[in-house]
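Just below is one structure, and these are the notes that go with it.
Letters A, B, C, D, E and F mark the chains as written, and numbering starts fresh at 1 in each.
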């Protein structure tokens, strides 16, 4: 066999083999990976919209996805908004749950962030940041309270706590929340949040 | 009056007061002279005498064989004691002729005087200069006849007479300018004729106003002018002097020829006159003997071959505190360890002073002062480091071969780094490598 | 504007070497001399540009339409490696001087993680073709900047009294660390 | 070809030819993922998996591969195993997979792996290649472990997520950021070389 | 169908590129020294640049050209080094074993200093300004030669002079080049007698500067006139082989021991 | 003559009087006004920080000199003291001394000694120490207290630049007054409160010819031009160049840190490029970056360019191109 022929045959053979191997592996893992991905979102929705039994994707655009959470009876119990925006260093992706009237934030969950560990990354920390978002009235524009405090009581009605040394990250989250709430209200007014879209489950 | 100068350089303390008012004093010839056969830039002269020979004053005792060489003449009359290796002021042994002086200064009949030297042909002038063993007295001791023979493709327009004497302590050129201004100018005129130049410029630092005034007056009879220069070291370095006077830059690796210039020291100019007019070979020169440790500093006319010891004895001897003995100026001179060393054609001064308080060496802090003061606009700190870390190629790229070893960088360096020593080491290594590659 | 942001950010802020730690092997290996560092940098920029284009094409024309994104790793690397080898041989045949200046660095780069990372990140971030190219060129220039600065520093450190065990890679890493600190000043500049 | 005993073949990877400290290979993942011990460990194991299996494959089919397509074939083989590792991690350890992000695919181009295939597996028997790969992997895991332990303990005060430093300790955040990685590895390399020189001098 | 697409894609890509490579291999090949290929083949192909070259191939080229050391690849280790050496055939022919010897015995004690030297501490630097020793020919004691020896065959002895370890010296001549005063010379290992001085100063003055200097008294030359002469105030061995063994004791009568047996101590003890 | 001690050395035999310790102690003297103002404004806290940094720097340097068997005289050349002082001057007064000591050790060890000690380092050691601290302990490094002169009864306090960047001070009209900036009645690092003290010290250094005048001038020019353009275009949004020059670490950076000769270019042209670069990057970071202040980062960033600048801004040798 000539060298050229051998080159072609060997490389092609290796390629074919690799393709088939990978196809098999893909078959074996595809479902689990998909499942993992879904479960993450689902769990997040469940957390920010308590009482959800089933959820649907209602609307999607760049950096903003809205899910609707329904209870067993199919009644809307709240919206879950997945939104992304730029923080101190990179993209922050968070999940925000509101009541159906968009007057109150149930709670906030950070899905992905690249902020500085020990600093901006504290936006993912319940004690110093997330707990202050629980059951927050959001009918007015939310603002940041500086300097940082320890308990809810020290904050006024529409104030959110900062993280010491990470004003930028805190502000980024705040702005992201404020803007996605606005967008949500706008969408609702437009009636784009019809629930006929496909079921997430 | 506007003074001209060049960029960079330093201004060390001058210390010229102790000798500048002292007229040149002729020192009686010593009992014995030792005349090295290599006193110039180039190859050594071949000895023409043997042990036991009788020689006359100004008799040729060594013949320069190659182009870059110069003849050597006896500075006394007497008997040759030996022809042997002897320590040269540069620190290594060279062949030398030792002559016992019979005290009679018998002159050989070889001397050929010229009645009307200005009408001689350039060839004749050159030949007489060569015959007289004249070399540059400004330091480098370059054979003067070579300097007066510019290549045909490089026309010379200006003879510069270097009257800067920028080195601290030295005053021999200054005294010569005061006392022998006519001979200097006549010598310069001869050099002008020999090279076919149009004019003579004599550059004098502004701390030698008196000399300047004399020359300004007298140069009227010649094509040329006297120019006042700022007192700064190294104003007298050829390339900087040319830049200061004419704003011409001698190309790197080139010679003043390349920009149509020949530079001669004032002493050399006088020696040219003596050689051509009187047929007098270069067997004596003016030196400054000075420094804190010399008891009676003076400017002396000394026979070549006189030992430092006799010269210093003549100046009252050394005081107890002497630790540094230097031949030449304090910026470029060579440290000596022995008093047996003979005065040679290139000796412009003998200096001695006590040791300064010791100073520590620090590593280079990149202050940039060496660059700011280098008259050649080099980066001395880099050059030194490349040599230290053995990267000779880079050292060459950064222009180590253009360093004139003036010492400004080391003078100014706050870290007290022996920059010039490193650079000299590097130059030596590079040159010997080159020699090895294409001998 | 978006393109400019991607480009500048790839050079200064999310510098491949100093922020993502990619291409460290050549960054340390070929940064001893400025001239070779420059060639290396330009070669990387070249390969990165090709990679950005080619991997975008494979991803968008073959893999995504057939839902084969798990073949990204294999196909990207295969294509990049072979293509670079072809380019290398081509340059070598056509222009020996260019080969001496750039070509000899090419094989070194193929198996260099920054290239692969570039392809994957562009795919992950769903860049358009133009964005991918801006990203590729920017990252290449970022690498070039970092490696040239490093080479300059190392040439100067050849003249320094670095402790013996730290000479070479050790001090280079420490320098890289301080450079990473210095580059942190640009954080947050591009939003 | 090699004259070392099997034992030596294994041990050399731990120190004498340690890929990170001695050969300066595979530095990118070493620096990038060692902020946390768990990530370092996962990366080390994933790399080991790829290294071992591709060594096995390469050493067993080395005869058939013409040298002109050698690199291309090796890369495809390696990439296949990397994809397998990547997919499996995504399926079974989603969290770690997310943390390591695109650094797992980069194992393909990790200099250690290709280097070992070329330098060793393509010339040695299957058994020897296996031992060599095992040794190199262990050396790599060891290096990652050392580096990540230092960085995690100093950077956040924990080890594998467990608090090990007292409350007096203020974590040095820099250690888990890029500059900390470079500085730590630089200093470790210096120490490694110093030890090496000392032991050599004693010999 | 799901399974076919990936297989097909990979197969097609591989085929495509193997075709490309075959084409390139055939059409774009450039001639070069086959040794480069041979060595390059054997290299680890880590292309890591650890050798300081741009990848394994560049290193192979450099090795073949003789620019890089055979041991330049840290990844490959000894095996590769050996392979390269074999491939390049760098096995030298048999030559007469030579050893470098120092022609000076100006120890700290014997040779007087000129003064206190305040310059760079290398022999060459000191030599440039005439040297720190009174003798202008002798050893300057800063050990440039020791630093130059690549084989650790030299060390600075306690007396201030470099000492050769005979078993380690390979006669590479680095020390000969390094010494600014040319004090080293390579002699056949069998040669026993050498002159331990280079001073060309007159006897009277060299004796003042160094206790161990050759004073050109001529005892050795008179003992063995065909082999030893006095030239420039210095004894010189013209032809070592002409020295008859029974004349050696005569030669060793040298008043300053500046000529004699190298292994004197060994032979006596 | 031969029986005396004779000194053998290469020419030149004369030496200028200035020396490394003299230069270093001149810098220390020039820092005195700033040190006194910081002691005046922050009292005991400043004293503790200054002392602990200097002590830690000296100890680290001594340790390295000892380990590397180098002559101990370099300990007293004053450079370690400067590093300690300057590091302390760039720390917030509320920083705990332990952290300051960590910074000082890092500054000396990683910033200076691993490169081979005085003269060999590429980066400004004090700033390496500060950058390390800022990245390791960002919260502690951005917690500010008012000086004792401010009659405000609060625990934390925004610096003029922090105020500008995060509190939208221009629009709200709460910008620190230039008078306060000039005399030092503001919060901030120990050494950056009083512009007056820094200018005095800087002028001393300029007149003593310790520092290269091109560097402060170049930095000053480029920051002024940069901020001036924005200010003229939109005075509602941007502050005047004067504010930018008086606020933050600019003056101490331009006079004392960018001018560190070890880490700045040796050539005149290089110095210009370096200085203009620093000013520009300070402006960029202050206006567009994530940090309120960029002096430290810009000096460190330009430090990385210094070897290249040294190489490629080589002055033209007298005589130009070499013959042959």
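Assume a contact is a pair of C-beta atoms (placed from the backbone, for glycine too) under 8 Å apart; a residue touches a chain by one contact, two chains touch by 3 or more.
Keep in mind that this is a model prediction, so the values were computed, not measured.
> Where each step is a move between two chains that touch, what is the least number of such steps from chain B to chain D?
Shortest path length, in steps: 2.
> Taking CA centroids for every chain, report which one is farthest away from chain D.
With centres defined by C-alpha atoms, farthest from chain D sits B.
> For which pair of chains is the number of C-beta contacts greatest?
Max contact pairs: B-F.
> Measuring between Cα centroids, which chain is at the maximum distance from chain E?
Greatest centre separation from chain E goes to chain A.
> Could you give the separation in Å between the centres of chain B and chain E, each centre being the mean of its C-alpha atoms?
Between these chains, centre-to-centre, one finds 40 Å.
> Report the inter-chain centroid distance for chain A and chain D in whole angstrom, where each centroid is the mean of the CA atoms.
So the centroids are 34 Å from each other.
> Taking each chain's centre as the mean of its CA atoms, how far is chain A from chain E in angstrom?
Chain centroid spacing, chain A to chain E, equals 70 Å.
> Determine the centre-to-centre distance between chain C and chain D, using the mean Cα coordinates as centres, and give it in whole Å.
Spacing between the chain centres: roughly 21 Å.
> Which residue numbers or ranges of chain D touch two or more of the other chains?
24-25, 68-69, 71-72, 76, 79-80, 83, 87, 111, 114, 173-174, 177, 179-180, 183, 190, in rising order.
> So which stretches of chain F touch two or more other chains?
Residues 5-10, 110, 114, 116-117, 120, 132, 135, 138, 290, 310 of chain F touch two or more partner chains.
> Which chain A residues touch at least two other chains?
Residues 7, 10-11, 14-15, 18-19, 22, 25-26, 88-89, 116, 119, 168 of chain A touch two or more partner chains.
> Under the stated touch criterion, can you name all the chain pairs that qualify?
Chain pairs that touch: A-C, A-D, A-E, A-F, B-C, B-E, B-F, C-D, C-E, C-F, D-E, D-F, E-F.
> Using the touch rule from the top, collect the residues of chain C that touch chain B in their complex.
158-159, 161
> Going by the contact rule at the top, pick out the chain E residues touching chain C in the complex.
5-6, 9-10, 13-14, 17, 20-21, 24-25, 27-30, 47-50, 52, 54-58
> Per the contact definition, I'd like the list of chain E residues that touch chain B in the complex.
Going through chain E, the ones touching chain B are 114-115, 119-120, 122, 124-125, 128-131, 134, 136, 200-202, 232-233.
> Spell out the part of chain D that touches chain C in their complex, as residue ranges.
24-29, 31-32, 71-72, 75-76, 79-80, 82-83, 86-87, 102, 105-106, 108-111, 114, 174, 177-183, 185-187, 189-191, 193-194, 197
> Could you please specify the touching residues of chain C with respect to chain A in the complex?
70-71, 74, 78, 187-188, 191
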